[in-house]
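There are two complexes below, and they share chain A, which is joined by chain B in the first and by chain C in the second.
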Partner chain A sequence: MSEPVVRLERVSKTFRDFWLRPTVKAVDALDLDVRRGEVFGLLGPNGSGKSTTIKMVLGLLAPSSGRVSLFGRSPRSKAARAKLGYLPELSYLHPFLTARETLMYYAGLCGLPGSVARERTRQLLEMVKLSDVAGRAVGGFSKGMARRVALASALVGKPELLVLDEPTSGLDPVSTKEVKTLVKALAKKGMTVLTTSHLLADAEDICDRVMILNRGRTAAEGRVSELGESLEAFFLAKVGSGDDFALADFLA
Partner chain B sequence: MISLWRIFWLETVALWRGWTAWMLLAAAIGWLLALPRLLTGDGTAEGARELYVRYGLGGVFALLVVSLLAAATGALATEREERRLQLSLVRPVSAFAVAWGRFLALAALGALVLAAAGALVLAAAWTDRPCSHVLRPLMESPREEAARMYDAYMSAPDTPPEVRKAKKSVVLRLLEQRAKDNYQSVQTNETASWRFPGFHARRLASPQAAPSVRFRFSGDFDMRDDVRGEIAADGLCGGVSNITQTAVTVPLSACGREGERDVLSFTNRGRGAVMLRPRRDVELLFPADAFGWNLLRALLVMASVLAAVVAFGVFLGAGLSRPVALFTAIVLLMVSEMSPSVVDQYPDQLETDRIDRVGLAVARAVGKGLRSVSAMSPLGSLAVGDCVEARDAAGSVAFDFLLVPLVLSALSAALIRRKPA
Partner chain C sequence: MRRFVSIAKATALEVIGEPLSLLLLSAALCLAVFAPAFHYHQFGEPTRMARDAGLSALLLCGTLFAFAGAVRSVRRELESGTAAVALAHPVSRGQFLLAKAAGVYCAFALFALAVGAVTATIVNGARIGAAVAQKTGDIPRLWGPSYAFGVAAVVAPYVFGAVLNRAFRVRFALSAFLTALGVAVASVLYRPDGETLLRLLPAELLLWIPPAVFAMAAAAASVRLKANAAGAAGGLLAALFLPFAGNYSLSEALSRGGSIPWGYVLLAALAALPALLLAAAAGIRLFRERDL
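The block that comes next holds the complex of A and B.
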């Protein structure tokens, strides 16, 4: 069996204050494998450690202990980052750039030469249906349009792994559907996708496998179909009560 | 390389579309165009040139230092605070390129505004008078003189015990300060001589060039006294008579006298003694190249110093939040501006309060760190017609434009890798 695209081995992350005293243990002894070609979902309520895990996968945070590898390498290696596309929770675009310039900028960061970058930009703008507004500054775009630009810029380097942090966050139902359709289409083409969400519907629609995180620990892991009812119960309980509870009761 | 170019491009676009670049350019040009209405010179072309150089270019430089420092502190800090930095750092691009590309864009803007200001000054204050290479006498350095004096003090039996007990470094610093201000007195009909290595060789290399001598007399000496004297140097002669200015430039011409090679002598023919500090106050001037070239070298030095300031701002923004970085930058800028005058005006005393000593130590450390920058005064040289030497300009480019920014960008890269979001 081939090396997993993403592998976390006993990874923990403890945040510290200015005096280096531990404040929060965001991730605790997490093991995770994301295989080539699958859509893997990290689920859990706010504060469960999803974003911290994602940042460690991206090399933006160093784990306090354990090992993170991306394509068998350190996430900070250029070779690993060359195969990576990332869509953050909010789009974080440069408001003064046009959609075309945004994609050209990220294409440049991926090392694509001018003509290749231009062609790739054209294709992606068509794909996200923004060709007719390609020359407009993204600062004036609606949230859905900005999300599509951000998704296109995540794809500009032809990544093998796409990391999506809450991809449908804050989108209206139509835009949400569009993003999900796009992710499914990419997965069909063989792209590996690692996504986070606190919405059960997202996981059910697009993920092959999911891991549920609670307080930085793995609460459950498996195929969506296998975890179906437990998943639903978990989310209903979290949303419904909001207080501490034992997941084991619901998974039993 | 492509990624570096893209980061440079992004920062450049941000500066122009965000109006920073336009405003700087407009402010610089506006200041230079308004200058003749705001300040009046002495009515001579030389005076007008000095105004354009000292206040025109000086004002533009001050504006650029403050505004580019502010922009530089925000270059990485704002990107990090608005979470865009992480989007660059997850691409196959080095953190060094992220910092270096931004530095280059800001430094290029500074150079562009300086170039525009320089073009205006060239057009407004052009002169066909060449700048002058400045030769200074070969003398024991103030440090060497201080060491010699220290040894003499310590071996003298009447040296006070508090001086003997004082820290050697403190006494040496005090003596060095005194050595810098050491006056030489030339009595009536007495001749003082100073050695200028390379003077003869220069004369041979360019026999058509007519050298001159510049004397500066300190305020301690009443210049309204009748000052007369004869100058002889390597077969050239000149005379000083009834000078009323603190600085006087005397052209030298052939007089058929055999002089000692590389030696300049001044014979006082006035009624009173003449006092001057030979290390600072006696200079031989050789005509060199045109004003335009000199202006270009001065602009290169200024652009290089500006680049070092920008790199420092980028570095602060890499590790601190924008307001904190900006505050720190402004405080350090003020300290660096004040340090040389603090050290000059408050030389070490053997008995000072602890707080004074701490303040002086800080001022001295900052002054030492910036010695290479503050020792050069391109605008001062340009204003009085002295050449900004090509060697000094090249040194400034290598140190201030390349070495300092490279080191600071490497440190910035380490900081943004450590704290990307």
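The block that comes next holds the complex of A and C.
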């Protein structure tokens, strides 16, 4: 079997305050392998450690213990990050740049030569249906349009691994379907995808394999097709029923 | 290099487009044009007063421009998450920080160009005034219409910027700064008394050195400090530094046909280099250890 694209070995992350006192253990002894060509879903309720895990994979957070490798190298290695595309949970864009300039900016960060960057920018703007507004500053875009720019930015370097943090967050049903279709198409072309979500229907549609995180620990892991029941039922069984709020007492 | 240029270019565009930058630029231009008018007779030395006002405006507002631009730009990248996205690309943290500082400095260069253009215009007005006074036997003072030239030099970039932006969607800042460049070149090469203002250039460039150090130090401090704390640190530094960086000696050196040798500018830049490198090294070290 080939080397996993992403590997986490007994990885923990503890956040500390100014005096280095531990405040919260976001991830606890996590083991994870993402294999080449698969769509891997990291699922879990809010605060379960999904985004922290993603940030450690990207080299943005240093693990407190354990080892993270990306394409067999440190996530801080430029060679590893050259094969990576990242869509954050919120579409972090420079509001003063136009859609075209945004893609050119990220193409520049990928080190693409000018002519290649321009051609890829044109193709991606067409793909995400923003060619008509390519000259408008993204600060004036709707949330859905900004999301599409961010997605195009993640793809501009033709990555081998696409990391998507809540890719359908804030999108309407049509845009959500478009994103899911795109992810499936990219996976068919052999791209490895690591995605987080708390929208189980989305994960069920696009993921080959999922891991459920709860309070920074692995609650379950397996292929979606082998779970034997709906992902939602499986998830609730592992994480909690969702009936915990004592609303009746409060309202009485 | 492409990565460095991409980050620096985006940073320069961001800093130029900031309302605070426009405010500081306007303040510097008004200071350059109108400060000599506060002294009615300009002590009989209108050219020197005009030059001194322009150089002071460049040093004071330029240093503030570079410092505030770096603090706001780096903090915004860190707080909005755009730094995290950029650093998920094959860009090292050191490269990112240095490119941010370089971008701020490019924006400062355009700012300095605009202030330099207006300074040259108002100095030319003073030279005409001195020539008129010599003929009439009056005390030399700033020639009245030169204020109109000065104001025109300030207003022209804004007007051209607005017109080109409205008609052709050219970036306001870009067209405004290109107009300022035109005004600067014309003013420096104008020869009312048979001499160009080229000898002002080394003096202007000498004042480009402190903002370089301040931009780097501010970018370095901002990777750890919040904007308010970095701003307070910068204010303290400025309070300590600026009183010793007055332009009186500079103005004295330029009076009565004097000039500043280019070798002196080079030596001053070399003297500032250790501070620049120290700030860069500290910033890179602090940034490497920071969780994003």
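Keep this in mind: the second predicted complex is superposed on the first by the 230 of 252 C-alpha atoms of A that agree within 3 Å, B and C clash if a C-alpha of one lies under 4 Å from a C-alpha of the other, contacts with A are read in each partner's own complex, and residues count from 1 in each chain.
Note that in this section contacts are C-beta pairs under 8 Å (C-beta built on N, C-alpha and C of every residue); 3 or more make two chains touch, one makes a residue touch a chain.
In this text the structure is predicted, and so the values were computed from the model without any measurement.
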Combined model on chain A: chain C and chain B, fit or clash: clash
Partner chain in contact with A:Lys55 - chain B first, chain C second, else both or neither: both
Partner chain(s) touched by A:Gly157 [first = chain B, second = chain C, both, neither]: both
Partner chain(s) touched by A:Glu204 [first = chain B, second = chain C, both, neither]: neither
Partner chain(s) touched by A:Gly135 [first = chain B, second = chain C, both, neither]: second
Clash-bearing segment of chain B, relative to chain C, as chosen among 149-157, 203-211 or 383-391: 383-391
Set intersection of chain A contacts, chain C complex versus chain B complex: 55, 58-60, 78-79, 81-82, 84, 86, 88, 90, 92-94, 96-97, 101, 104-106, 108-113, 153, 157
Contacting residues of chain C [partner chain A, same complex]: 2-3, 5-7, 9-10, 13-14, 17, 80-82, 84-92, 169, 291-292
Residues on chain B engaged by chain A in the complex (per definition of touch): 2-3, 5-7, 9-10, 13-14, 17-18, 82-84, 86-94, 417, 420-421
Contact footprint of chain C on chain A as seen in their complex: 15, 55, 58-62, 78-79, 81-82, 84, 86, 88, 90, 92-94, 96-97, 101, 104-106, 108-113, 135, 153, 157, 163
Chain A to chain B touching residues, read off their complex: 55, 58-60, 76, 78-79, 81-82, 84, 86, 88, 90, 92-94, 96-97, 101, 104-106, 108-113, 153, 157
